[in-house]
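Working notes, structure below.
A, B, C, D and E label the chains in the order they appear, each numbered from 1.
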Amino acid sequence: MIQIRIYRDGARVEDALDLPHARDILASQDAFVWLDAIDPSEADIEAIGQVLGLHPLTLEDVRHRGQRPKVELFEGYTFVVARPMRLPDGALQEGEVHALVGRRFLATLRYGDAVLDTDKLEHRWLRQPRLFAEQPGGSAVYFLLDEVVDGYLSVIEELEDRADDLEDAVTGGRLPQDGPNAQERIFRLKREVIRLRRVVSPLRQGLDLIQEEPWLVGTELLPYYRDVMEHAIRVAELADNVRDLLTSLLELQVAKEANQLNDTVRALTAWAGILVVPTLIASIYGMNFAKMPELGWHFGYAFALALMTGASFALWLMFKRRGWL
Amino acid sequence: MIQIRIYRDGARVEDALDLPHARDILASQDAFVWLDAIDPSEADIEAIGQVLGLHPLTLEDVRHRGQRPKVELFEGYTFVVARPMRLPDGALQEGEVHALVGRRFLATLRYGDAVLDTDKLEHRWLRQPRLFAEQPGGSAVYFLLDEVVDGYLSVIEELEDRADDLEDAVTGGRLPQDGPNAQERIFRLKREVIRLRRVVSPLRQGLDLIQEEPWLVGTELLPYYRDVMEHAIRVAELADNVRDLLTSLLELQVAKEANQLNDTVRALTAWAGILVVPTLIASIYGMNFAKMPELGWHFGYAFALALMTGASFALWLMFKRRGWL
Amino acid sequence: MIQIRIYRDGARVEDALDLPHARDILASQDAFVWLDAIDPSEADIEAIGQVLGLHPLTLEDVRHRGQRPKVELFEGYTFVVARPMRLPDGALQEGEVHALVGRRFLATLRYGDAVLDTDKLEHRWLRQPRLFAEQPGGSAVYFLLDEVVDGYLSVIEELEDRADDLEDAVTGGRLPQDGPNAQERIFRLKREVIRLRRVVSPLRQGLDLIQEEPWLVGTELLPYYRDVMEHAIRVAELADNVRDLLTSLLELQVAKEANQLNDTVRALTAWAGILVVPTLIASIYGMNFAKMPELGWHFGYAFALALMTGASFALWLMFKRRGWL
Amino acid sequence: MIQIRIYRDGARVEDALDLPHARDILASQDAFVWLDAIDPSEADIEAIGQVLGLHPLTLEDVRHRGQRPKVELFEGYTFVVARPMRLPDGALQEGEVHALVGRRFLATLRYGDAVLDTDKLEHRWLRQPRLFAEQPGGSAVYFLLDEVVDGYLSVIEELEDRADDLEDAVTGGRLPQDGPNAQERIFRLKREVIRLRRVVSPLRQGLDLIQEEPWLVGTELLPYYRDVMEHAIRVAELADNVRDLLTSLLELQVAKEANQLNDTVRALTAWAGILVVPTLIASIYGMNFAKMPELGWHFGYAFALALMTGASFALWLMFKRRGWL
Amino acid sequence: MIQIRIYRDGARVEDALDLPHARDILASQDAFVWLDAIDPSEADIEAIGQVLGLHPLTLEDVRHRGQRPKVELFEGYTFVVARPMRLPDGALQEGEVHALVGRRFLATLRYGDAVLDTDKLEHRWLRQPRLFAEQPGGSAVYFLLDEVVDGYLSVIEELEDRADDLEDAVTGGRLPQDGPNAQERIFRLKREVIRLRRVVSPLRQGLDLIQEEPWLVGTELLPYYRDVMEHAIRVAELADNVRDLLTSLLELQVAKEANQLNDTVRALTAWAGILVVPTLIASIYGMNFAKMPELGWHFGYAFALALMTGASFALWLMFKRRGWL
């Protein structure tokens, strides 16, 4: 189902009931039309394509999910693909929005988890009525992309917090016993950061491209677009930082494992010595030679025990001093 | 053998029976000629070269397999090398297609596994008769390269699925017992991704180059070429993602091995202690001293066994608490 | 609270008492006004915005901390974000300064630890009265950024010293026993270097940008800005060096651990052999066979002990020669 | 000794006997002169410099071996350094050729192993007489560089084969027992690939540069130079592939070693347990307590042996099931 | 102390005795003045600054050591910083030279180890009197930078030799016993290579910049500067090669350690088995059961010894065949 909203002079007016009506309004050139569809059907896409006069290649692209973020300039409209993200509790959620923006219209086709909040978007339009009235298409896309990039900023800040926690846990050796171990936690967090990083680079290219379309982005809007760009760069830099931190952290973790293995093998060596030496002594006094003077001594047994204890203690002391225990 | 097909006004007309006939049609300038050869012989190449008036260097290139994807502009024609791929079940299959395209002709020389489906290609031409009629050469190459890039997309998506399965297996520790181990699976998958990645970069350069040839790619075709380009970039990005994932996965696997080695050596140390201590006790009571009070005790044997069991249990408990067991 | 200072002809004159007064002075165009606020309140920002006529987007940015270093050119003023740093004893301290500079005014909004010393800054202005009198805005920003970059230089030189100390400790094996181990020291130092490195790159971009604003940076100031740029490049290069050194050092440390493990396992193997062989001999003479000639020998016991000692010594010698001990 | 050959209208004419004669022919402008010297003496270089009018810096360069591949444009001639390679059986052989090419002359100074086959070169010139007659200098250099790059192609294909063999050996565990181990084989092969890779990049830059010299490389020659360039790019890409493969292979090999170490330590742990448990039992029954009921049993000995065997078998079974054996 | 030398028409004339005299000569415009100071005092710098009319920023820079190599263009003169190096026996020595060059003067301020040989420099000037007479400033700087880059070339060739020796030692296992181990040798060599590499990149940028100053570097000097550039590129490439070789070598060394650890643990496992099995047998015959038939056998002892020897030999044979020993 396609929701149709009509705006005039920066304010919302009565809604159009159906697409033919919207087409009339579009033709009259005095209002801004927003067509919004969630998981549009084949028929919806066809209808929107006819109303807005879309190129067959655009229709082809709109039909397929899994597009990368991009901005494509066509005659009379611009095709924008954005991938909003959020990180509610556990795993990263990724949406997909196809936006078709002209001088007097915006069509948004939203797929999957409705990650983009359209009411919040409209609220922001109406809060800046002058900007929206003068350059409705360009400012609509600005607010849309600003929402998306702000979402990225929240996500990367949350990921940064988790990476910091993980760092504390690794360096302090305070990893929770249950659940996946350090390596896997690092690996999973890194994957999410990379997923976020991947959508930011093409978005930046798209932002570069859209600023070259003067009918869409006028001089007054340029600082706004520059501002989104700035935020996108910050997201990318934060993501690179977190990724580098996680890479270093994995290296640290591997180095710590190697360190620990060394310690364990040293402890093994030390304890083997401490236990095998008295066993050797006991074996010696277990021999069946006819003449073994010590066996007849009154305190022979005590002597043997003392010998064992003494030897073990001497070894223990030596290893302790060498730092092997 | 060379198959010759003739097209007029976007539709297929009667086939030419031999090359001289095709040459006449080419001279008359009112039809589009497609010469298609699978594993062409030396004579075939010579004949095609004469009919189309190819440069000696082109002929030299066409004779040799193993060319990298490229677009070379010559006077009167463009030389395109593409390497279609598919991934039927197991390993990646790679074909090689040399295409010579002029204003009114296309020659395709296909080598090795017939990876490119020419019937499907012709079907796509005829479904867009207007485009094909107006710019036959440019659109023929467009459909050819679009087929190739779509093939890459299928391949990389399949490789991505395999990488995801491998990731689940590695993180979940659910690798099948038989067959190669995790490291080798990762290594092999990575090789295939790299093979795919290698053909995409030069193809992108070629796509850039071909769009600068106005007689071949007119304004109307530009969005189509931009679309192929977009898909090629997506293939490259997906390939980079999968490769990065596999690199991280190998790191994770190595880190897990180090972790496991630590665990194993700790278990070894713990069990050595648990077994060697009672052995030491038994050795002590196996000594042959004349005076060893315990040996005469009524419950001496039971006492010794209890001592051994107790010591072992105490050690077991200690190691259990330290998490070594 | 906003501190207001007034300068005329390169010298400081009486202070303005309040913002309306400052606004009058700004309007009269014959003096330079410096508004300085530490941790400004929302009302402060609003007031400064009104006095200087700032763009809503600038106000939005000024309100949020955690900005990356940047230079943004607006009509009539330039917005500069800098992140001064210092390294008093232990950890890196990072401040944040938002500067708004026009032809006749500078506003500095300082957040967090007051890392930037404004008295020192003013002192440097007044020491070059001619430069400050002719291009007050541009030279004020120059001195500010020069202070910041000089701070970076001190920080990176201190970090370089610490890295050199760490290198000596790792290669000489003279790491202090207490405190974190080598890997963690390397990791932490690297993090600080990366934090510094991250703020330098965008600062360099900002310095490039600001030099393109002729009303702010006149010909006379260009060599000065080039000089700051030069220092910023030097900071970046030093940081890259230290980071590369630390990466190599971690590799060295891991390689040394592997080496040491080899040595430890060899020592373990050698000592196991040296102790188990006499135990075997003792066990043999502890067997209860009715006829064991040695048991009856007069020097049987001594012979056995000699055999044990001899075998152990031979093994010890062999392992010593192979370099396992 | 300098060999002097004279060509007129694309064919070889009588040779000049000495350098003065060659100088006269050069002055008369109607023939192409080729001076070829193997390991030229100081006097030879001086003489060639005088005849061709070389710049002192060129003479300086020609005197020193170990130049990197390059193209330097001087007035009246171009200085080309190429490093032909071949891989006869074992190790890579690298030659060095200094070529000085003018409109009507070519001088080649060949050093070290005569890797470049001049007869083959001349043969190729004479097979394309028209090209050689019209642009003798440019085409002579083309054929020379084409020979060199074709040599690289043979070398890299051979190296690729060796890398594939090595990969099969590593993944299949079928490395020959004698000779260096996998790591060293990979390391050595990688060194050769890097040596090849290093000469290709500057050669590509040289090829770019030479095409900007219209008196040397006319329009007709451009496709030929583009073709050499294409081959050089292919060599570089193949070399990068082989290098990446070898890097992955070393990673795989290290990962396999870690895997194997894990297996070995597990086997060690398992066998230690299987052998120490019966030793413990035997030690128990070797104790000298006055009252140990089992010692008096009729089947006591058999019972003890059964106990040992049973315990060992149970342990063996357990470890087998856990996959440690 | 400042040494003052005067040159006229490419030859050295009588020296000026003091700075005022040098200033007069400079004003008369018909001679070239060279001011040379080793570790100049504050007063020297001030004096030179006054005589040559230097910018305050230049003076500021000249006062501080530790500058990176650079070329800065000022009005009337160019400021060049170079860092000559040499490698006398052990560690790398690094000097620092600040050069101020104008049309008719050169001032060199040399710090630290006098790594730059000024007599050799003057000797080279006077050997090319025509070049020096026509463009004294440009050619003086050319010879200076050529000296520096030639020094780098000697250093990197020496480092390359050392790296090759190290490679032979690592692959052949012929490392000297005493002194640091392989990892540390690699690490130290790499540090020196990186130190050299770091000064070359900014020098190349400086060479690029200086060639854009036509009053300093005329057409006739261009090939000479291009030649230095060429050598600088060669130094950088050699340094990259050596660094890559050392990185590969460290990887190889780590892989060899892992390999060796595997071998050692296998040997440990094998020998443990070979020694523990006869110990078990001896323990069995050391049991005190009343009825143990073998104990009464005539050749029981021999049988037991044979059993032990046989079992150990069988194990030894098995491990030998599996390649564990």
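A few notes on this one:
Here, a residue touches a chain if its C-beta (ideal position, glycine included) is under 8 Å from a C-beta of that chain, and two chains touch if they have at least 3 such contacts.
A quick note: this is a predicted structure, and the numbers were derived from the prediction, not measured.
The chains that touch both chain A and chain C are none; no such chain exists. Counting steps between touching chains, the shortest path from chain C to chain D takes 2. Shared contact partners of chain A and chain E are C.
In this entry, chain B maps onto chain C through a rotation of 145 degrees when their C-alpha atoms are superposed, rounded to the nearest 5. With centres taken as mean Cα positions, chain E sits 25 Å from chain D. Chain E has its Cα centroid 41 Å from the Cα centroid of chain B.
Contacts with at least two other chains are made by residues 254, 258, 261, 265, 268, 272, 276, 279, 283, 286-288, 292 of chain E.
Chain contacts in this assembly form a single closed ring in which each chain touches exactly two others. Moving round the ring of chains, first from chain C across to chain E, one meets them in the order C, E, D, B, A.
Interface residues of chain D, counted against chain B in their complex, comprise 171, 223-224, 226-227, 230, 233-234, 237, 241, 244-245, 248-249, 251-252, 254-256, 258-259, 261-262, 265-266, 268-269, 272-273, 276-277, 279-280, 283-284, 286-293, 323.
On the side of chain A, the complex with chain B involves touching residues 55, 57, 60-61, 67-68, 70, 72, 74, 177, 180-181, 183-184, 187-188, 190-191, 194, 198, 202, 250, 253-254, 257-258, 260-261, 264-265, 267-268, 271-272, 275-276, 278-279, 282-283, 285-288, 292, 294-298, 300-301, 304-305, 308.
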